[in-house]
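Here come two complexes built around chain A, the first alongside chain B, the second alongside chain C.
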Partner chain A sequence: MSIFEYNGSALVAMVGKNCFAIASDRRLGVQLQTIATDFQRVYKIHDKLYVGLSGLATDAQTLYERLVFRHKLYQLREERDMKPETFASLVSALLYEKRFGPYFCQPVIAGLGDDDVPFICTMDCLGAKELAKDFVVSGTASESLYGACESMYKPNMEPDELFETISQALLASVDRDCLSGWGGYVLLVTPTEVQEKILKGRMD
Partner chain B sequence: MKLDTTALDSSAALIPSIGGDGVFPAAPSFDLPSCDDFDGFQKNAKETLKHAKGTTTLAFIFKEGVIVAADSRASMGGYISSQSVKKIIEINPYMLGTMAGGAADCQFWHRNLGIKCRLHELANKRRISVTGASKLLANILFSYRGMGLSIGTMIAGWDEKGPGLYYVDSEGGRLKGNRFSVGSGSPYAYGVLDNGYRFDMSVEEAAELARRAIYHATFRDGASGGVVSVYHVGPDGWKKLSGDDVGELHYKYYPVQTTPVEQEMAEAPAA
Partner chain C sequence: MARSLDIPTKGGFSFDLCRRNEMLLKKGIQLPSFRKTGTTIVGLVFQDGVILGADTRATEGPIVADKNCEKIHYMAPNIYCCGAGTAADTEAVTDMVSSQLQLHRYATGRESRVITALTLLKSHLFGYQGHVSAALVLGGVDVTGPHLHTVYPHGSTDTLPFATMGSGSLAAMAVFESKYREGLTRDEGIQIVSEAICSGIFNDLGSGSNVDVCVITKGNTEYLRNYQLPNPRTYVSSKGYSFGKGHTEVLSSKIIQLKPKIKAIEGGDAMEE
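And then the complex of A and B:
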């Protein structure tokens, strides 16, 4: 198994009408053995910016700590929060710094930018940005996720419908992957509120 | 060692073929690839197919007979190719075999074993013993040793001597025993099975122990999951006791605790 499949992960982010949702599975495993069923993969950078990190769990945790550090410095210098587009460039640069010994992570970035326009993007482990208008996926279940999102996604969904769609896409995809699943975690962000929900999924 | 080719279509013997000296037709045999490095080819083929014995099966003997249980997931590397595979194979009405390893290998050779058992019955006017059936299979598998078959099976049945349970694998091993679990999820199943096992249990208690053991294996092992099937082999033959979806079993054993709501947002009353 490759190093990206060592811990197992599934991440997806989707854009709705003036809102976005980011969801992940909750399994932490060591190859086929499941160690934890409450592992956090989606981290908050600031109220309107979240990053999900799939791939090797230790690199995900370390990369998150470096990103928080850089964002806090930015907040002190600029006296404001980072825009999602800027943050994406920061992540891309940090990953490319390690071009010849990379972090084995694939980040998914989701945020509300100026005028609360939702922004999502994903990258490979070397920092190649992929901006999308509809959805982005990452992790061991990514191929299943692409299929599920492609068929379930509609543009301009309201928050409730977006939550339903992203949950169904995540659960359907992780049920076809041995290395991810064991529950789901969905974060839905609108200009006025943030909803965190835990999904009841198959625990096998 | 002469390979067992009785499984192959023997009508080839009636057709005069190019092989042989033209007078006697060539003996039927599995086609082997013609390449320089046969062992290397076999090694690559084995790695490509990724037979990791990703499964959990178990069987144990107790006072009332044999309980056989298995999950139903088939995986190809990380991808789940099916959640509804029959891993308990009915060799004949009083003998069961379990499947772990390559699905095609297990299905084919168990069916072949069923044929041989029936032929034994017709030739000897009595049923074959579990000892005999497992020996037949073990000898066939030994002759194909090193050729990339991947089978880890348990043969469970009831014969004149009472309940019988044997473990047979594609390396040529054959073990008689009272409790076995085979597959990538077997360490987890052994933990629950060994802890809860007693010789004198009722059929329901034994079935619940088997179900719980397989459920725990599906929870911890990524390559096991789907549906738990539990069978019981008694003096009158085997009977399927239950088939429970593991996703539902989890919430039956560990119901969701509703946390009390501390603060609830409500609409502000209009002034």
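And then the complex of A and C:
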């Protein structure tokens, strides 16, 4: 059993027209036993920047706290919020620092940059960045997510259509993974508003 | 207590999670596989300089994690480096040496030399005894002429007129050995490089997608990103999937309006005394 399959997770982020969506499942388990069905995997860094952390839940929470700490210091020094590209470099550096004893986490970063251009990126547990223009996936359900997103994704989707597409891709993929599921949590960010929605999924 | 404070460290690796990870290994939990760039990377020297080439597939075990990643990394305006091996290691080591070269340029006031980059890379990799798994093809043109080197993860280097690295290196080397000759022109060189990369893309499972080429000559560098796209996606349905609004069952939803940030204007009306 791999360390990434200890807790189970599914994360996906997609780019739309001047907006982005980031979604995760809600199950927290200890190997095959489910212990929570409302676990939060997507965290807010600032109004237009969110990070989802898949993998070992304890490392995800620790890493989130370190990232928020570094961002708050940055805000105090620079008197502004971090750009998504800068934040991605920060996460990459923090992960690579632990090259020989890594955090067992695979982050998915999604944000709106200057001029509200959406930015998404994912990394492996050592911080190797993968910038994508369409979608990024992470977690135990990643193989199914790759397949579902490849077929369902279309470029330049409006927020409503993007929400439907990312939800369907997530729900279809977690249904094929024992370790993730119990509903979905979708966050859709446009330049003017943030929509948080909780999806009804299979409860097995 | 300095240990519990998370002050940003001065750089270098931190080993504090190693003990915990050792404990997990003993309990029978396997460590994760890192993203590797399976890869075909090549370089050759032609009459005016150096041409580097790379494929664009990044793999995570048997899955393709990135279909169009960049494997030709910037080191200096006249030096570029292709990387194979663990993706995080190649990115980190090339970024680090690139910064060191920039500082060196500021200190000396001169254009960087390829041999400088080579020495910085090999000393770093040798120091970590091969644990930093980066296999590199380094090429560039400086005052002493065009240079092409390969660097292995343990720190050994070779200086060659043409070189290939990565899992697709045998496929690419077959093309080079039959077609390479000294004194190639720019177009001939690019043609041979893209044939070698295509050979890796089609014959090696760890390499795929597109061909990136970088041509470095004295005073000029051209980075031809996605020079060839021999693997277009042909199975897309013209209709695609379209889910109507309200298709997904939603339990609860919360909408937060984002407030526009208020900017303070300099030189506004002063408050009346």
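What we mean here is this: the second predicted complex is superposed on the first by the 204 of 204 C-alpha atoms of A that agree within 3 Å, B and C clash if a C-alpha of one lies under 4 Å from a C-alpha of the other, contacts with A are read in each partner's own complex, and residues count from 1 in each chain.
Quick note on the criterion: contacts are C-beta pairs under 8 Å (C-beta built on N, C-alpha and C of every residue); 3 or more make two chains touch, one makes a residue touch a chain.
Since this is a predicted model, take the numbers as computed values, not measurements.
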Side-by-side fit of chain B and chain C on chain A, or clash: fit
Broader residue contact with chain A after superposition on the shared chain, chain B or chain C: C
Partner chain(s) touched by A:Thr34 [first = chain B, second = chain C, both, neither]: first
Touching partner for A:Met1 - first (chain B), second (chain C), both, neither: both
Partner chain(s) touched by A:Arg66 [first = chain B, second = chain C, both, neither]: second
First, second, both or neither for A:Lys200, with chain B first and chain C second: both
Contacts of A:Phe104 with chain B and chain C, given as first, second, both or neither: second
Where the C-alpha centre of chain A sits as vertex, the angle toward chain B and chain C in the overlay (nearest 10 degrees): 110
Partner chain(s) touched by A:Arg176 [first = chain B, second = chain C, both, neither]: first
Shortest span in Å between Cα atoms of chain B and of chain C, once chain A is used as the common reference: 7
Shared chain A contacts, counted only where both chain B and chain C touch the same residue: 1, 200
Chain A partner contacts - residues on chain B that touch it in the complex: 54, 71, 73, 75, 77-80, 83, 184, 218-226, 246-247, 250-251, 256
Interfacial residue positions of chain A with respect to chain B in the complex: 1, 5, 8, 29, 31-34, 140, 175-179, 200-204
Chain A residues within the chain C interface of the complex: 1-4, 6, 47-48, 66, 69-70, 92, 95-104, 124-130, 132, 142-143, 146, 151-152, 154, 160-161, 163-165, 167-168, 171, 183, 191-200
Residue numbers on chain C that touch chain A, as the complex places them: 6, 8-9, 12-21, 24, 28-32, 34-35, 58, 60, 63, 65-66, 69, 86-89, 91-92, 131-132, 240-245, 247-258
